[in-house]
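When the chains are written out, they are named A, B, C and D in that same order, and each has its own residue count from 1.
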Amino acid sequence: MKYVRSWLLPVIALAIAFAIGALMMKLQGANPLKAYESLFSSAFGSSAGISKTLGKATPLIISGLAVTICLRAGLFNIGVQGQLLAGALASAWAGYAIHGLPLFIHLPIALFFGTFFGALTGIIAGALKAYRGVHEVITTIMLNSLVLQLGEYLAYGPFKEPGQQLARTPEVLSSAKIPDLFGMPVGFFIAITLAVIAWWIFKKTTSGFRLETVGRNKNAAWYAGISVKRSILISMFIGGGLAGLGGAIETLGVVGRYEPAFNAGLGFDGITIALLGRANPLAVIPGAILFGGMRGAGGSMQFAAGVSPDIIDLILALVLFFVTAPLIGKWIKTVRGNEAITTGGWGN
Amino acid sequence: MIKKYLGSRWSPFVATFSVILFFYLKDALATTSVVATSITFGLPLAMAAMVGIMCERTGIVNIGIEGTLLVSSFIGFFVASVSGNLLVGLFAAVCMGAVSGLLLALLSVTWKMDQIIAGTIINILATGLTSFFYKQGHTLPSTFPEIDIPGLSAIPFFGPVLFMHGPLTFLGFFLILVLWVALYFTPWGLRSRSVGEHPGSADTAGVSVVRMRYLNVTIAGAFGGLTGAYLTLELVGSWDRGFSAGRGFTALALMIFGRWNPLGALAAALFFGVAQAITNQLMITEVVTIPQQFTNMLPYVLTILILAISAGKVRAPAAEGQPYEKESA
Amino acid sequence: MKTPLLELTNITKKYPGVIANEDISLTVNKGEIVALLGENGAGKSTLVKAVFGLVRPDSGEIRINGHLIAPGDTAGAIAHGVGMVHQHFQLVPVMSVTDNIILGDEPTRGLFINKRAARAEVLALSEKYGLQVDPDAIVENLPVGMQQRIEILKALRKDVDLLILDEPTAVLTPQEIDELLNVIRNLAKSGVGVLFISHKLREVIAVADRIVVLRNGKAVGITTPKESDEESLAHLMVGRDVVLQVEKGEAKAKEVVLSIRNLHVNDDRKLTAVTGFDLDVHAGEILGIAGVEGNGQRELVEAICGMRPRIKGSVLVSGVETPDMHPRRVHAMGISHIPEDREKHGLVASYSIEDNLVLNQFDQPPFAKGWIRNAYALESNANTLVKEFDIRTPSIKTTAGALSGGNKQKVVVARELSQKTKVVVAAQPTRGVDVGSIEFIHNQLVAARDNGAAVLLVSAELDEVLSLSDRIAVMFGGKIVAFLDGKDADRAKIGRLMAGLSE
Amino acid sequence: MKKKIIASVAAIAIASLGFSVAPASAADESSCGTAAGFCVGLVTDVGKVDDKSFNQSAWQGAKTAAAALNGFSKYIETQDPKDYASNIDLFASKKYNVIVTVGFLMADATAIAAAKYPDIKFIGVDQYNASPATNYTGLGFPEDKAGFIVGYLGGYLTKSGKTAAIAGGPSSIPPVRKFIEGFRNGVAYAAKEQKKKYPKSSTVYYTGANAFNDPAWGASTAAQYLTQGYDVIFAAGGKTGNGALARIAKKKGAFCIGVDTDQWATVPEAQPCLVTSSMKNIPQGVQVLIKQVKSGTFAGGNFLGSVGAAPYHALAKKVPAKVKAKVKALTAKVLAGTVATGVK
């Protein structure tokens, strides 16, 4: 029974959100049925559609994880966007500037570059928090802008594609590109694996326990011999690294180069998805697929039913609202015991 | 004691004023312009930061400021253009802001939802709604005009900097000062702060925590509405999708930077404004040619550095982010 | 018949799984001191909170001076002349004494708070009741005894007809308690009704006109001090004969295990809190430290356990120096620690009992094999300890936060005492714990002693120190002012020492 | 005269523009792919079709052309640059005759699609076709010329000698840079003609996270210029620039110059100061190319669209007749290439 309720809630939330969305479309004189039909058939109705949905979900899963892991350790990482950009830029550089390596060496190196520079961006905020007590929300907001500017400078300066007028790097070599597997994006499977690993680490390992203890009660963690500073550093390093890897996967698997506009907004969607999943690494996956599917199918919906893709943002906000607000929960009497508290104030 | 005070708090101001004086003697026009413009850049940030301060001082985290700005500027613009009356638009924007505050209060006080999630909902709802319902072709009948206070505005430097602004700029500054006074010198302020620090103590003193939180979050929302109205009805004169352009998030950082103190946040916001105006001025005069990206990084780098050096624990209101359970022991 | 000042009729309050108050009726008249006696968890606090509007009773009526008070109406209760001194201080730590006292009913001049008038009012109030406070001090910088005074002044400020005091004496010295009891008597003489909560029999007998005994949420007896004595009240309270004295054999003190040499420690405000003393605790003995809170006990304990930097001096276990600021390594050297603030340090409220029971050894075998935690070992450990330490819980998966105070403390005690340990440092081990659990925890500490551990007990409850300790050290002003033998320690003498008076 | 027609067409088109439902014209989509049908699809760059900027201009051109040819037209608003290809695919799957893609960022995706769908003609607005494809035409504009002309006008209008440009995006975006540098050189050219020594025209580029999308920044930056006595300001860059225009309109005696389209119609707030706009005739370019498709003369490669200055509208009386004549003369020379803009 409890199991039934655990999936009933999001389903009802989705249904209500879609109903309200339909009303909005009606107000605009469009045909909601036709819109939804095209939305679903293009997101999930064909293997190409599924492939696109999963491709869109990939960076969202990873950035959602990056937020989740920090939330678990009691940190609110708004800096995923910047970490992701750092990773995208570094992996792009490694992808085009390093020559003469076979795929199985070059690709991992490029991925590593992305991960490392993402982690570096993350750990700056972590170190400032751990050693100087500067709140991570400020530093990560600042770092987002900083990385964006730095990326703009590099992509239009030292890393610019020769002869190109735009701010973008050369295309990465084929030896650094993530190949497709049976028409499905390989990155997605990496993302799923990462989510499962993250889940497993928190569920089963001492490291996960350490981070989580710090997140839930810093003082008790200190009493129990867990270094709070180290946990902050580690979680920001891992969060940043994941975000960087997400950027690298996008760069090496989808975009093919660093071009700033191609990564906009991924980090911020990650925050929403992490909150939707209530800081549970596995719950990030369905959230990301929902986001990815709907965002990816927006064009089709407009094509088929003439509905502005903005409606998708609206529906997603409503989903988040109905999943998290205790309205439906009360109605179907879901008992949410032992739920991770995702966030608190800025004070901790 | 005085020495310590000077050393810790006032030295940045002294430094700022000496720098301004130095440049003023070199180039009066440009310096006046930079300082005046930094108010234009900084004021909306400061006003948005006040929204955060008012909420957080009563223990409610508000990351939905961005959404409030967006939706209230949208409503303000449309009501003003449809009604043809700026004041009606202003009123509508303030009401819309209050409604968004009320929604936050409902979610976080009554429903005890995670406050970060509540704010996120407001943000993405605002983005979706404004973008979906935006319709081109409306224009404002006019904008709030600049008021040059007679006499005072003729004073060199101080005139343009302090006395030549639109009515909402004056109102914004005035309300920031009012908020500071109210927060520290009135019963309302004492009660608000106690609700944010230790709701139990307020409750046992007969101050209703729920009522206080509702009241303050709603007023804060209305203030956010005023900020939105300022942006569209006074500063710009038009509206477009994504109009607030991230100011609500920057404001959050400024609120923390200013240590939850209205004057602190105002100073932080003006610092940001100055940095932005200087960045522009460097490009305008082309005296120094460094890549624009680096000058743009300036405020962010400086903020991080200043915080890292001055460090000290920034202490947030203690009860922030937690719903108040009246009946817990 | 005249209307009673306070009249409660059939108050019932249920929480999920617990009946806090069942059908309680009582009255308080003008000038009368009524004591509510009962063990922790008997429902005393819930009842008075209902009177003050902090708890909404499910049924029943509250009348003050004949006026019906709506459930949950704190402002209404205040308006009708009820004042309350809370067990957990309801003070805003970062604000001044004046601000705290005037909160909710501020003297104003125009729109603003009249700070001068407020300050004068606080001084006058302090004068009137003989409770000295500094109106400009920031509350968080004050010792608890002072904070208590502020709470009382806060309550008295509003010209109360009915004053409720919820366990006001827990943190006071015997002398301060006597003073407080005098204040209470004087208030009653001036016509104020007093509802006084305590689980300390002696105080109740000393001050009350009437005693209402609560047990498991029910009023089980109403009596007067003349008609009763400590034994009979204790019997009513617990429902059985209680052994007030801890049963323990003769201590067999052996070699010194814990030694403290010239230790200097600062408090949170960076002021000296522990000023350089030596202390030895032997295996097989309980050394109790008596003292009013705020005299350096907490800093001492934290410095021993590696949770607070030692400015100077050292802490040795069996002659080996322990590391500074590393609680885990100190623990590994054989110092178990029952922390003073179990909510803050002892437990992770949102973790299961199972996880809390291994909080400081979660990465040691058998609870972890290398990197992987061993669910089976965790479970069997939890099952064993829950049984052994009598932790009352529906399941080992229940979160610690859902337990009662006594059971929470048992989780901490179980974790600390189940490990091989040379030294047990127990700080306020029975604070906020019910009588049954107190007895159990006391027995566990004695058992640890008998197994050869050196036990350092720090408690603000003088009775606890007296009944458990083989030796007693009295701490005042960051120093140990006297060592006494546990058997023939004299209450009055210790009380004087605790207050800093010479003998 | 021609400009006036374009302007009035623009005004009408904007008035009739729906905002969320793609309007259907006489023909309908089922006719696509048949011999009788003629379908034009348009993929916007990230953003909305009513952006008062190039998306809107391109759609206006596509719609007008399709209607004139009795065809059908529809658009998709791109939400994420990664969807360029799939949005193009949607039109291709319905066998649209022409697909218009908007914005230089879509050049790669368009070139790939052109190779993938050899039967469909592609028009890339603001793009350069470097591929040999004959079914893909890059519609480019000599923005430097447009900038030069209005800069020249500005050079004659300024009284303080201080002219400026506010760029809504970084200099790394080619059309932005070309507009700005053209403007700068135009001012200098006018100064030289008048034998005056103006300071070099000043520019502030925006490089935040909200390029082209921060009207408040544009307005504040405009205020900064105005307080320093700049009296001719060219605002080039989407909504950021629109914000600047609206702000300059509040300053008496200052002139502002719009960009891309005739902003007299798209930013009515700016009318008090808007002396002209540095126009790229995107609608006209798109129409010409679509008509080429219909008539079978579409040849691929690159097509240089026309540029020019928008009419003075109500501010005509503030521009001395002599200046008007000079500008008119120079416009012809610049467009013919006899006066070089000096922008690379």
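Here is the rule we go by: a contact is a pair of C-beta atoms (placed from the backbone, for glycine too) under 8 Å apart; a residue touches a chain by one contact, two chains touch by 3 or more.
Everything numeric in this text was worked out from a predicted model, so none of it was measured.
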{"item": "Subunit D reached from subunit C - shortest hop count over touching chains", "value": "2"}
{"item": "Longest centre-to-centre distance from subunit C, chain (CA-based)", "value": "D"}
{"item": "Result of counting contacting C-beta pairs for A-C and B-D, higher pair", "value": "B-D"}
{"item": "Rounded Å distance between subunit A and subunit D, as computed from the means of their C-alpha atoms", "value": "35"}
{"item": "Whole-Å gap separating subunit A and subunit C, where each centre is the average of the chain's CA atoms", "value": "47"}
{"item": "Length of the line joining the C-alpha centres of subunit B and subunit C, rounded to whole Å", "value": "44"}
{"item": "Interface hub residues of subunit A, defined as touching at least two other chains", "value": "28, 145, 149, 152, 308, 310, 312, 341"}
{"item": "Subunit B: positions in contact with at least two other chains", "value": "131-132, 293, 296, 315, 318"}
{"item": "Junction residues of subunit D, two or more chains touched", "value": "19-20, 48, 170-171, 207-209"}
{"item": "Touching chain combinations (by label order)", "value": "A-B, A-C, A-D, B-C, B-D"}
{"item": "Parts of subunit A lying in touch with subunit B, wherever the complex brings them together", "value": "24, 28, 76, 78, 128, 132-135, 137-139, 141-143, 145-146, 149-150, 152-153, 157, 271-272, 275, 308, 310-318, 320-321, 324-327, 341-347"}
{"item": "Interfacial residue positions of subunit B with respect to subunit D in the complex", "value": "29-30, 32-34, 36-37, 40-41, 44, 131-132, 134-137, 139-140, 143, 145-146, 160, 231, 235-247, 276-277, 280-281, 283-286, 292-293, 296"}
{"item": "Footprint of subunit A on subunit D - complex, ascending", "value": "19-22, 46, 48, 74-83, 86-87, 90-91, 104-105, 170-174, 207-209"}
{"item": "Subunit B partner contacts - residues on subunit D that touch it in the complex", "value": "14-15, 17, 19-20, 48, 50, 52, 164, 170-171, 200, 202-205, 207-210, 213-221, 223-225, 227-229, 239, 242-243, 246-247, 249-250, 267-269"}
{"item": "Residues of subunit C that touch subunit A when the two form their complex", "value": "307, 326-329, 331, 337, 339, 344-352, 355, 359-360, 362-363, 368, 371-373, 375, 399"}
